[in-house]
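The letters A, B, C, D and E name the chains in turn, as written, and every chain counts its residues from 1.
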Amino acid sequence: ADKVVLQLKWVAQGQFAGYFVAKEKGFYEEEGLDVEIKNGGPDIAPEQVIAGGGADVIVTWMAAGLAARDKGVKLVNIAQPYAKSGLELICPKDGPIQTEADFKGHTLGVWFFGNEYPFYAWMHKLGLPTEGGPDGVTVLKQSFDVQPLIQKQADCISVMTYNEYWQAIDAGFKPEDLVVFNYTELGNDLLEDGLYVIEDNLKDAAFEDKMVRFVRASMKGWKYAVDNPEEAAEAVMEAGGQDENHQQRMVGEVAKLIGDGKLDPVVYERTTKALLDQKIITKEPEGAYTTAITDKALQ
Amino acid sequence: MRASLPWQIALVLLAAAAGGVLQVAAAGDGGPGNIWPALGLIALAAAGAWSMAGKPAAQAILLFIGAHGAAWLLLNGVSGHEGRAGPSFYLALVGAWLLAWRCVSVLSMLKPASLGGRRLLGLIIPLIFGAWVLILWEAIVRGAGIPFLLLPPPSAIAERIGVSTAVLAADFRQTVLKAVLAGYIIGCASGFIAAIAADRFVFLRRGLLPIGNMAAALPIIGVAPIMVMWFGFDWPSKAAVVVIMTFFPMLVNTVVGLSASGHMERDLMRTYASGYWPTLVKLRLPAAMPFIFNALKINSTLALIGAIVAEFFGTPVVGMGFRISTEVGRMNIDMVWAEIAVAALAGTLFYGVVALVERAVTFWHPSIRGG
Amino acid sequence: MNAIASHQPAPAIPIAQGGIADVVAASKLSLVFDTNDGPVQALSNVDLTIGKGEFVSFIGPSGCGKTTLLRVIADLEKPTSGTIMVNGMTPEQARERRAYGYVFQAAALFPWRTIADNVALPLEIMGLSKTERAERIRRTLELVNLSGFEKKYPWQLSGGMQQRASIARALAFDADLLLMDEPFGALDEIVRDHLNQQLLELWARTNKTICFVTHSIPEAVYLSTRIVVMSPRPGRVTDVIDTNLPLERPLDIRESPEFLAIAARVRDGLKAGHSYED
Amino acid sequence: MDSFRSKIIPVTTLLAVLVVAWYAFAVVLNGPFQRDLDRRAGETPGQIEFLMRTWSQPKPTLPAPHQVAQNFYKSTFTVKPWSNRSLIYHSWVTLSSTFVGFVFGAALGILIAVGIVHFASLDRSLMPWIITSQTIPILAIAPMVVVVFASIGITGLFPKALISTYLSFFPVAVGMVKGLRSPEVMHLDLMRTYNATRPQVFWKLRAPASLPFLFASMKVAVAASLVGAIVAELPTGAVAGIGAKLLNGAYYSQTIDIWAALVAGSLVAVMLVALVGLAGRITDRAMGGRPA
Amino acid sequence: MNAIASHQPAPAIPIAQGGIADVVAASKLSLVFDTNDGPVQALSNVDLTIGKGEFVSFIGPSGCGKTTLLRVIADLEKPTSGTIMVNGMTPEQARERRAYGYVFQAAALFPWRTIADNVALPLEIMGLSKTERAERIRRTLELVNLSGFEKKYPWQLSGGMQQRASIARALAFDADLLLMDEPFGALDEIVRDHLNQQLLELWARTNKTICFVTHSIPEAVYLSTRIVVMSPRPGRVTDVIDTNLPLERPLDIRESPEFLAIAARVRDGLKAGHSYED
């Protein structure tokens, strides 16, 4: 079987259920692939791993992928299982923020490590400076949890619909206690969790073929996961996930974000524009995605 | 006097010869330039230094010029040919490096009469060593074409430091001047006080030390988020992490140091019916100083690590740790290394200051009196 | 710190129950050290009284327990059995009242203090004023002929100079009881003679009580009102000799027949304690 | 050991004080959010009820001791020791790389100290850079190390132990340089009169004289090694080890899990430090150490 | 390590350029210590030759440079100016050939070694076999009367016993040149007499050369073939006295008029170096 190493962006959890299911259910094997899934962590940059030859294909956010491409690691998006973003900003209803207009002069929790671009793009759109002061917003680099909200260190915090949102709920917030700003609904979403490979590798027909089979099996896995969240959560637990109930709920939420695996050029354009506006990347990317793989894989 | 051939020089000549042969063999495949002049310079410097045995100063100067001239030629030659360096390039590099090594050995054997001369030498030797860490890094990264994302060359880092001084200065202020200093002082002081308390009261000694040991392992990653909860996300929480990290080394070393005074000296104090505190201040603390400075030195580096790592959790958007983790995400690896360079510089200076104070305070200890 | 050094409240013992003049009163004093290869009987059944104003020398072969006895008096060692009183109190109470000054067999100077500061140490602990300290330091360093070395560190002095510095330190302390463990061992005859005279003069002037360990028979005879001869394995007192020499003692008293007779008696006692048969 | 018994009462007393303070602290820290919750729910609990609630939040800011104890008990004694949920398993994973890292770190530290004490050129050229190396934040380079090793196929214990080594060699090196230079001038002179070789001076004088410094440093080093192992567990994908437990706890805001893992980590630390201390005492006794 | 301790290759100097019999040959030897409060002239213009088989005593007031001179001979201190040869070589070469055994003024025992192991130290360094070591340890410890204390640690011995252990260590080394810095300072008369005789016997039997620092005038006269009298500030040689006593020396030779005459001359030399005017 052909060996493929997949580097995830984060620890084993429902967010990556499709890949775990594909492996567990033997979908990769059916395609003649021997896939090794490497978990990520809070300071694993998948872009670094693939640049160092530690992986064949990685899961990452498009903003980070394009930033890496700008720095000389020629990453190419070959598939986009996540059609929508799961990112949102939540604020307690009894706090000072009810609408976008209330942001001024308040503290907002944001994830960094390459996850900050959608937020800055949004603020850019609202014309809010992010250096603090009465006319701008103060940015807090948020840790993994929802404590800043509980502790009132921030007026709003970033969460994923499928993960931290539920932690807030677990901590005692009720859905009706929260004001939610969903990036997708506001049209501010930048593409998350795509599959990326090194451009030069694609010139090799054998590698391209391998990727076609990989994407095909992965999307099959995603489809299965969306249809069978319980079994998918099982596979996640098998791979080292924590807290079965939480994973089940996560798979259920993730299911709402998964698409057919094809990249939407409109969102791609929005992503590149946002990055250019913020000078995260210096030039318009070219050839940063290809539909060739998905075209072949998902007829 | 015909001196024996130092092994570094022998290897240099060997490397230069082998490099020449390989360069002839590989001629014309478009690798890095300047190999021939570099090889020539290296061989010349090696032969020259060998013939000048007995005149160490002149030898050192020649070796210095040879090594760094060749390095400069090689680095110039490789630009534009990244990732295409062949064995002859590396052999020339090794040759130049061995020259520098020989240069440092010759310099270490010098014993300048004047104090100023010794000081200068004490500065030059580590600088040459450090320069070669950077030269080898630059040459290998560029010669082998290592992706920028994995390891940027020092030149790129230096360039980034030049461009981003304002940001680096702000981060330095936030992390070092606020979190590290406050945490270091409080941490060392509380470790010290805990040690004294444990020494003074048998009850505390039996109870506090095991519990103090527990604090030793409180992993920063576990503690940092908790400190953020307790002390907010600005620098006080980072200082708290530093306090926890520096507490234990100070506790352990002070406790050991307090038992380091001699028996006869302690008996002497007993004959004066000297109370606990006078004995502590006049005998046991001075005798413990070598140990206490041990802790102060170790802590000077631990404090920096602690503060930076603590910033990987909740922080305002400034600080060295914040910058490092954020810029990794943005693939600005040169910025990451620029911060690391600043951290290294600050830490080394910090350590150096502590070591100087140590020399002044424990001048009487054999480790300092003896050289 | 060992058990001895720990701070226990001293048991209440009636003060001056014997004659007020007894500075040291030991009876049936024994001390056994436990070592890795068995117990060592350092002192065995020592009975001894020293009155106020006496100058008592202890002499005996190396290892016979002289130092140990001095340490017991100084409360640096606890006897295994027997009783001992110092100034009518337990040694611990006496020590806590700073009843004595002690000169150790080795100099025991603090390396981080200059010579002057080393001499100042006990004075600082007693809380003397700076000017008072300076005066005493000057006087005692002059006494031991170390003027001019105030600012040197111990390792910059010769062995004999270190020994003299430690004597100066004990004299500066100015206690009524002086315990001196071979203070003049590292000194040459001339300095020794000089210091012997100084010490005698000090003793006569101040009515101090002095316990003095020495290896020199003439020194013992010259200085003392009484000589305690000790013997090893087990450490015990074998002879106590009253010298009865006049209080006024020029150096050439050492050639007088009375002097030589006492010296001979001490030498005999000493020889008896040795295992050499020459 | 008799000293063990004499420690029990002081340790338990101090722990009791600590626990009481902890409960009080938990009220202070969890109180505000509990009030928010109660207010949103429109409830007004009595004093006692309020205290109880602050001590039983599912995701408290500071979990109460009994919450941690329950969690600790559950994940130590009620599950199979080798299962993924067992703290024993995770402690073992961390302990093994801590140990390997510490052994290498101590060895490396001693080696470096020996070199520095014996070669003036090393003292001058290497020492400043060793210091510099320690100012590089590990968490920044740990992933790179792990990535580099992973790309040449080395994973598991080794990269973690390497981080431990990196953190633990330094205290040992610094302490040993001091210790190896601590012999009395006269003792060194004595060896000179014998024209003893450097190895002889080392083995017969410097090494024995340095032992107090070595053991003090090793206590610090073993603790540092544990910290290193835990840190290194994060980028390895956080599958096993105390670091992984901490991370997962943090990632899912399971503060009780975090604290249980912290307790486990601390216990491991106490054990390691105590072991080093014991080794120190045994050596001291073997060398005729005088009871203090 | 200081400059002295560093390993430089010794400059090649012709061996035995003077008479082969000269064990020590110093000329115009000076040594100045730099201290925090100015330079100290520890040795000034010392000229001295010691032939093979001589027994030379050094005597002089405390701080006159006796120890320093011995240390220069032993290559533990480098002279500031002047030349010195040991066995016709530089002191460094001589030291490297293990030309001498040294007894320090203080015992300098390793606290982590038992007495037997302390004596074994130089033997281990010379690479002697275990049985050979055991034999020498037994013999020398017996010589200094420390049999039975083999397994004790230094802190379990009295001051005099420690001193004797360090003498045993030097004797076990068995070098042709013995440098002894007040070896018997902490010992009583009887032991001292005994060891004096033992040392003389050893010297007569083995034709060793001995440099011996002492504070005792009788000891110096009794032991030596030559006495070097020194004087401080600056440290210098003021008198060199040949004793010419018969090789066979019973202890009572010390009462003979020749003996006393020499002693008187030494005492006068010594007094001249002192600042006391008594």
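Miscellaneous remarks
Throughout what follows, a contact is a pair of C-beta atoms (placed from the backbone, for glycine too) under 8 Å apart; a residue touches a chain by one contact, two chains touch by 3 or more.
The structure presented is a predicted model; accordingly, all values stated were derived computationally and were not measured.
Steps from chain D to chain E, minimised over paths through touching chains, total 1. The most distant chain from chain E is A, comparing centres defined as mean Cα coordinates. The distance from the centre of chain C to the centre of chain E, with each centre set as the mean of the Cα atoms, comes to 29 Å.
Look at where the CA atoms of chain A average out and do the same for chain E: the two points lie 83 Å apart.
The distance from the centre of chain B to the centre of chain E, each centre being the mean of the chain's C-alpha atoms, comes to 47 Å.
One inter-chain figure worth recording: chain C and chain D are separated by 51 Å, centre to centre, where each centre is the mean of the chain's CA atoms.
Among the residues of chain D, those touching two or more other chains are numbered 61, 120, 139-140, 143-144, 147-148, 184-185, 188, 234, 247, 250, 288, 290, 292. Residue positions 5, 106, 153, 155 of chain E are each in touch with at least two other chains. In chain B, the residues touching two or more other chains are 150, 225, 229, 263, 312, 325, 328, 365, 369-370. Every residue of chain C that touches chain E in the complex is listed here, in rising order: 33, 35-37, 40, 59-63, 66-67, 105-106, 145, 151-153, 156-161, 163-164, 181-182, 185-192, 194, 197, 215-217, 267, 270-271, 274-276, 278. Chain D meets chain E in the complex at residues 120, 184, 186-197, 200, 204-205, 208, 287-290.
Note for the complex: chain B touches chain A at residues 147-150, 225, 228-229, 232-233, 312-317, 322, 325-326, 328-333. Contacts from chain D toward chain B in the complex involve residues 6-7, 9-11, 13-15, 18, 29, 61-62, 119-121, 124-129, 131-141, 143-144, 147-148, 170-171, 174-175, 178, 181-185, 188, 212-213, 215-217, 219-220, 223-224, 226-227, 230-231, 234, 242-243, 246-247, 250, 258, 261-262, 265-270, 272-274, 290, 292.
By the touch criterion stated above, chain A contacts chain D in their complex at residues 11-12, 38-45, 48-49, 52-54, 92, 94, 143-147, 150-152, 164, 167, 170-172, 174, 177, 240, 242-243, 246.
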